[in-house]
Amino acid sequence: MLWEAIGFYSLALFLIFFACQTLMATNPIHSALYLVLTMIGLAGVFFNLGAHFIAGVQMIVYAGAVMVLFVMVLMLFDLKAEVRAFSRGLISGGLKVTAAAFLLGITIGSIRHSQLAAVDQPAEALPIRDFTRELGVLLYTKYLFAFEALGVLLLVVAVGVVAVSRMKGGTHAKH
Amino acid sequence: MNHALLIFTLLLAPLIGFAINGLRFRSQNYILAGSIATGAAAISFLCSLLLFNQLLGLPADERVLATRFFDWITVGQMKVPFGFVVDQISVVMILIITGVGSLIHLFSVGYMSHDERPAKYFAYLNLFLFNMLLLVLGDNLLITFVGWEGVGLCSYLLIGFWFSDPAKAAAGMKAFVTNRIGDAGFLIGIFILFFTFGTVNFFDLSAMMPDLAETSWTAPVTLACLFLFVGATGKSAQIPLYVWLPDAMAGPTPVSALIHAATMVTAGVYLFVRMSSVLVVAPLAMEVIAWTGALTALIAATIGMTQWDIKKVLAYSTVSQLGYMFLAVGVGAFSAAQFHLMTHAFFKALMFLGSGSVIHAMHEEQDIRKMGGLRKYMPITYLTFLMGWLAIIGVPPFAGFFSKDEILWQAFSSPHGGKVLWFIGAVTAVCTAFYMTRLMALTFWGKSRFGHDVHPHESPVSMTAPLMILGVLSVVGGWIGIPHIIGEVLPGHPGNVFHHWLEPVIAKVEAGHASAALEWTLMGVSVLLAAVAAWFAYDSYVINRERPANFAKRIAPLYLAVSNKYYVDEFYFGRIINPLVDVAKGLWLYIDVNVIDRATYVAGDLVSGLAAFVKTIQSGKTQSYALYMTLGVVVIVTIVLLRG
Amino acid sequence: MPSTDQLLHGLLDIGTGHYLALSGVIFSLGMLAVLMRRNVIVMLMGVELMLNAVNLSFIAFSREGGNLSGHIMVFFVMTIAAAEAGVGLALAVAIYKKFHEVNIRFFEHLRG
Amino acid sequence: MLLTTLIFLPLLFAVIVAFLPQERLIRPVSLGLGLLHFALSLTLFWQYDPSQASLQLVHQVDWIPTFGISYFVGIDGISFWLVILSTFLTPLVILASWTSIAERIRSFHVCLFLLLSSMVGTFLAMDAILFYVFFEASLIPMYFMVGIWGGTRRLYAAMKFFIYTMAGSLFMLVAIIALMFMTQQQLEFSGTQVMSASLLDFYRLQIPFVANDWLNTQTLLFFAFALAFAIKVPMFPVHTWLPDAHVEAPTPGSVILAAVMLKMGTYGFIRFVMPVFPEASDHWAWFFMLLGVIGIIYGALVAMVQPDIKKLVAYSSVSHMGYVMIGLFALNIYGATGGLYQMLNHGVSTGALFLLVGMIYERTHSRQISDYGGLAKVAPIFTILFLIVTFSSIAVPLTNGFVGEFLILLGAYEAQPVLAGFAVLGVILGAVYMLWAVKRVFFGEPSAMVRDHDPEHMDLNLREMIVMAPLIILIFWMGVFPSDFLNWSKASLDHLIQNRSNYELNLEE
Amino acid sequence: MEIKFGLIDFLLVAPAVSLFLASCIPLATKVMRGNSEHSSFYSVSWGYIGVVAAIIFTLPTVGSVRTAFEGALVFDGISHFVTLLILGVTAVALTFLRDSQSTNGKLFSENVFLILNAAVGMLTMAWSNDLIVVFVGLELFSLCLYMLIALSLEDKLSKEAAFKYFILGSFASALMLYGISFVFGTVGTTYLPDLLSSSSRLVGTNLLFSLGFVLLLVGLFFKISIFPFHSWAPDVYQGSPTPLTSFMATTVKAVSFALLLRLMTGDTFNSERFFPFVDTLQWITMLTIVVGNVGAFRQQSLKRMLAYSSIAHSGYLMIGIIAAGIQGAGASMLGASGVMFYVLAYSVMTLGAFGVLHLLEPRPDADLTVKDLRGLGKSKPLLALVMTVLLLSLTGIPPTIGFFGKLFLFSAAVKQGLIWLTLWGVVGSIISVYYYLRPIVAMYMEDADESVTRINLRSGSYFTVAVMALMVIVVGLTANSIYDLVLESVAKVF
């Protein structure tokens, strides 16, 4: 129990620290790098929770692909540390922080006071199950259509992103 | 001849005359127009005579010729037919109306010969006859009201006949509006009677009257009579609504003679004679009527003493004489009122026509200060006018003497009357004698004061003939109503024919118990006073011509007040009409524009202001939008979780 | 008033609630990034952070309930998040081309 | 079917006019079509049986059966004359607009026919939703009429008119829906029907009412309806759209607006409010009579000081419609009969007044009373007609106005003597403002503006006299032989007044 | 492992498949032609073919209730109704897209591709019976829309709009997803019927579920632009190319409301613990109506005005949603059918109105104001008439479809005792009279500048908007038949 606690808290601290850094870093490149670290940490948490497949995907998709994308775009823009990285205004800033904190408080409060979904089998039994296989079955049966839709989505995004990036400009652009 | 057909013809003749002349209103052929109109009036007069003849042939208790043409308004209990009735009262009226009317029509032919629109004039005149006949023949209050308003309308049209003059147009309007005020009261009177008795038929109403007189001011009959009297004050120019009549002299003079002397203005008197059995149930109302009549008589007479316009004098005189009639009505002397109505119709029409003749001769000059000595130039007019003068100041045996004296006597002796009423009446008689003599003196007697470019001449026969007829009537008209005590001493003992004629249809008021000696005395006093006043006036205006002016100077404030008609018009305009106009403007500008519309705009501004606010928070800042969303979530979640 | 022992026990006995709390914290931080950062790319990162937090929550619930739907969901969310990132970056590139600016405060022409 | 034809034929006319090849044909063809429609409406005199109080010539077709909404038209004594009035005025208006509407003639006539259709529909509809549809639909053509062919402030006036009227009627819509569900709760239906929007079923409802409580069902519904109709009438204090709309509207618009559209409001009161909410009507009758009396006096006073002759006539409408309201809310046979009659009177005489004002405006292009004077000299026929209409307007006996006002005041006196006393003041003030205007416009010496115009063309021409002739004839006909008109409504009105607390309208056998 | 689905399931999803396939063809052609655009007619024709095929595949299934893929998809009345609506709107939007200056350029086949796939996403969401599928569908069409907006030939505003929409949309998605996770965590399933059947039990006891449910709704509220999640709508609608605005203003709302209705089929709102939320919903509905109408009140830009007004219409629709959500059986059916009918009415009117605007736009970056409509009644009488009819319908004047839509909605609300809310709807309608009439005023009652007259109207769109105007009246007058269909389809769900 203690070890689990230590593992959790260290991961949690790691995560929160880098999430904060992502938020606070004035240089977007730094933000991106902190985000990578956060995501890696998250993969660790997933692993900790027994979702090994997901943890793997997290590492590949997020920490790998997405972050490369971010960094590349940022390089494209050639940005330096920003002077005004944050929105200004004491009232709105305070409001934003308060709102987020309030929401967090409410969420945690509700978690503490709520019954979670009825447990079919003991939590300990879980890791034995072959998540990855079951996931695959579900994907190709019940969620087949959604899965295909996801494929369409990716195609669409691919086409769309290319089109958007290729845009030269409006009617005033030369043909 | 069938009486229904006669009544029909009687009514229709002037209407057709109106239609013919109305359609050819542009015509300037005054002879043709006049002939048509006069012919129509004459046909009506003929019918009236035939109807009178038929009535004579009936027994005294059954002298009613009734007919119904068609149902007019039939709603719920309110069943109003176009029903007409000729009885003792209305036959007198139609004879006066059509008789005097015919004469005045005839007179008008000459009088209007130079006018641009004679056809229109005669059309209006015929229309007036029609309406007046409706008024007096109607067998119910509503038909009477139709005529009542109708005559007011014609009066409006005729007063404003020469509309190019704004003052004349204004006079017409004043007449109509003032009458309307009365009419409004009349309407309420009708309502009260209808909802109390369920009918507006005169005869049904009479039959349904309770035996006991009402003693409360708010009892229905009393209230109804008071409201009807409001109507009468308008139409018959009593206090406080008499103000229109003097102004009404703006119309052509024959109109003044017909409408504003002989017929229309007496409608109020007719109404109460007709409704005598209703009125006697309401002694309080009678008291009000008597006092109003008496005061009107006196006040109008005093004003009459100071007027310089020949027609204005006659107008105030008319008001004053109408006051007499109401005095009579108020003391229950209904037949006396009706009698005076008739004689007054003769002599006042005569005097008006005479004045018309004078004005015609003087080229539209009406100021008596610029006349004088016309006796030489206009002998027939003078002579006939003289008859009228004698009649109105009550010289026996002229018509006015009998009728006026009966009223005075009744005012004295009737249980509803009293010494004060008699005294007021007597003072009025003195005043009347004074101003009438003054009028005679300034117009016909003395030296002429008009310019050299004016060449007065006697009027044509078509104008003098009516004068002569009316002159005769002013003399003999009173002989059918010779008071009992005089009749006793006369050879053949002529009774009070008029009174007997009306007796079956009017309410009986307990006669006063006073000795014949007293009656003789009072009669003598009033005649004597009148004679003195007349002599005094003659003396002042023909012989000692400075005296009036000096006297006026000595009582300057009073004189000023009287000659300015006690500032009643000024009061009405300054205290009622102008403030009302101001209030109306205020309502428009403040309530409509500043309150109601403003409220609408405020609603609009509110939305507009909100719109500005919505536009402000729609700042275009993505993060603000996200914040709104977050706040929304926070608020909703808080409510759901904390209150749930 | 829970005793110190209970409190300690609550802290040390790591259950789904702890993971959920962690996800909540990360979600809030992501939200703050969207709300407060002016650089559109960083805002985008905030969104990613939020989605990651959601994933954590799903996995935690999934473990608690022994239910695979959560994993399916996470799988979908990840894919979509990646796609979203792609789209977002493409849009960022597009606006950068037009405005030469990635500060969100420069895109306030549509308003009112 | 006759009624359905009457409602929808004008739509066909509108289409015909819209596709007429030549613009110069539009006016004659429209006139012909208008007359044809009027002639068709006259066949009602043969088809309608005035001795029955029932709903006649009924045509009912299911429309939205789920809500019990049907296409349901029928005629009874209450709507009979209003339908005739609408069909009668339309050809007159077409003739009157012959020269005054110079541009967009085609659209104008299309608007006119659309308006005719919706007006006739409003008066014939016996289904609440159908009624609402026509009631609202009539706004659109009128809105265009004011907005396109109106005067200088036409946009403002049109918008005000539209928003005011719409604002009221939407609350009515909610009330109608509530009543529909009430039928579902209270009434039994045959077949699959569960509720009804039919007026006949509304009449059968027993709506809960508490006398001394504001917030009870019947009172609230009553006021929702009353507000819609009060705005339309218009009653004080929601009348201010009227002067603006009237003044800015072109003559034909003013005529239709005053003569027919205001009647939709009063018709609504007599058709909906009084029989559907009997207790609330009883309880609040004094209030509406009070507003009516205020309207009478207020309208008259404000009319008196108007510098603009059209505005004067508009305010006089406020005053006259006040009479109608007190008549209706007297809730007795005299008031109701008078009210109904006064609706027709107002249609005829105010319509005529607007026509006359329009005719002179066409010549002088001025509506300021102060510009006029001495018109009687140059335009005698015009003057005579104006005077006749004026007398009708101020209710001189033997014109139509008197019969209506007399009965209304009679009824009002029975219900509320004191208020009736004040209402009678309106009789006086009516004479004041009309005659004062007449005096300023027609009498006196011709003003500079009048002199500036060619006297040859100042007076009415033949076409205009033909327009006025039927109205003048009606003024006297209705004044002298009111029974000719009232007999057609008598049975229905008697039935309504006598059985108001549990009013039922039967279909003709 | 048992395979629980068969060919029938694929037939059921065939509409989406056919749309997708059709969408690929123009793009593929373009690629094969060496990245040069075929004629726009060619591209759009494939779009039509896809839509028609989809409709053909849909029609046979109409009238029955089926599920597919082990219940992940459901084909019931609501789905069919929304499917057909989306397909119809897509066809119209394609027409507009082709005729618009701001979309018909070198990237037209991409436009067609994206819009058809957006429709695929919407269909997915409309059919979904599982929150996972809901999310996939929602993201699919959202991403398509973000990119479509950005693809506009208009230079700046469209990019800004796309980015704003994207950021806020992702933010909302994240919130919604977070909610879904809580719902999932407390119910243990994402399958809607199971979820709804236990929801009324859970809202009473489980805070986390309430929180999740609320967040889930918030995600949808964002899509239908309910206050305070509405702020994106005016900006995005204004910045988007008009054909696209018309597309997303209608279809997104249609599917989102369909899903909302699905969420209302349970008796969640009947739980006493949820009453505060129902109250709150009423308040935000009221505020939505007010903000929408008031916001439109002083707008000069017609698109922006219509955008605000669409917020207001969402408010009216929310009245129906609330009516559908509370109490049982017959009454909530009225609400649901009212919502469905109004969605149809709103789609027709809004499509038409935006369609007219796009016809009048002389340039991609033209932002038409009320003043630009001046004199249209004279220069383009038919178009002005069309616009007038559409605006009057939006106002809710009988006998147009807009009126009957409101009638049905208000009826449902009154039936449920939501009088207060109904009155707010009435107040909103009154305010709306003003701004809907202003363009009419400009068209008929004010004189033209010269600007509008030079536009050549593209016949396809012209014809389409005319059909819309005709529908507004014809469907209005025959409202009962449509309404009965809607009622029938809803009856099987509620």
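Couple of notes before you dig in:
Residue numbering begins at 1 within each chain, and the chains themselves are lettered A, B, C, D and E in the order written.
Here is the rule we use: a contact is a pair of C-beta atoms (placed from the backbone, for glycine too) under 8 Å apart; a residue touches a chain by one contact, two chains touch by 3 or more.
Note that this is a predicted model, so its numbers are computed, not measured.
The chains in contact with subunit B as well as with subunit D are E. Summed over C-beta pairs in contact, the chain pair with the top total is A-C. Of all chains, the one whose Cα centroid sits at the greatest distance from that of subunit E is B. Comparing each chain's Cα centroid with the centroid of every protein Cα atom identifies chain D as the most central.
Greatest Cα centroid separation from subunit C: this falls to B. Separation between the centroids of subunit A and subunit E, computed from CA atoms only, is 30 Å.
Computed centre separation for the pair subunit D/subunit E is 42 angstrom, with centres defined by C-alpha atoms.
Between the CA-based centres of subunit A and subunit C the separation comes to 5 Å, rounded to the whole angstrom. Counting partner chains per residue, subunit D has no residue touching two or more of them.
Residue positions 615, 618, 620, 622-624, 626-627, 630-631, 633, 637, 641 of subunit B are each in touch with at least two other chains.
Among all residues of subunit E, those that touch two or more other chains are 132, 136, 139, 143, 147, 150, 155, 163-164, 167, 171, 175, 182, 184-185, 188, 207, 210-211, 234-235, 434.
Taken as a graph of touching chains, this assembly has some other topology, since it is neither a line, a ring, a star nor fully connected.
Under the touch rule stated earlier, the contacting chain pairs are A-B, A-C, A-E, B-C, B-D, B-E, C-E, D-E. Within the complex formed with subunit E, the residues of subunit D that make contact are 62-67, 69, 129, 132-134, 136-137, 139-140, 143-144, 147-148, 154-155, 158-159, 162-163, 166-167, 170-171, 173-174, 177-178, 180-181. Remark: subunit A residues 106-107, 109-111, 113-118, 137, 141-146, 149-150, 152-153, 156-157, 159-161, 163-164, 166-167, 169-172, 175 touch subunit E in the complex. Across the complex, subunit E is touched by residues 604, 607-608, 610-612, 614-615, 617-618, 620, 622, 624-626, 628-629, 631-633, 635-637, 639-641, 643-644 of subunit B. Contact residues on subunit E toward subunit C in their complex (touch as defined above): 131-132, 135-136, 139, 143, 146-147, 150, 155-157, 159-164, 166-167, 170-171, 173-175, 177-178, 180-182, 184-185, 188-191, 234-236, 238-239, 299, 304.
By the touch criterion stated above, subunit B contacts subunit D in their complex at residues 25-26, 70-76, 78, 142, 145-146, 149-150, 153, 156, 160, 163-166, 169-170, 172-173, 176-177, 180-181, 183-184, 187-188, 191-192, 194-195, 580-581, 583-585, 587-588, 591-592, 595-597, 600.
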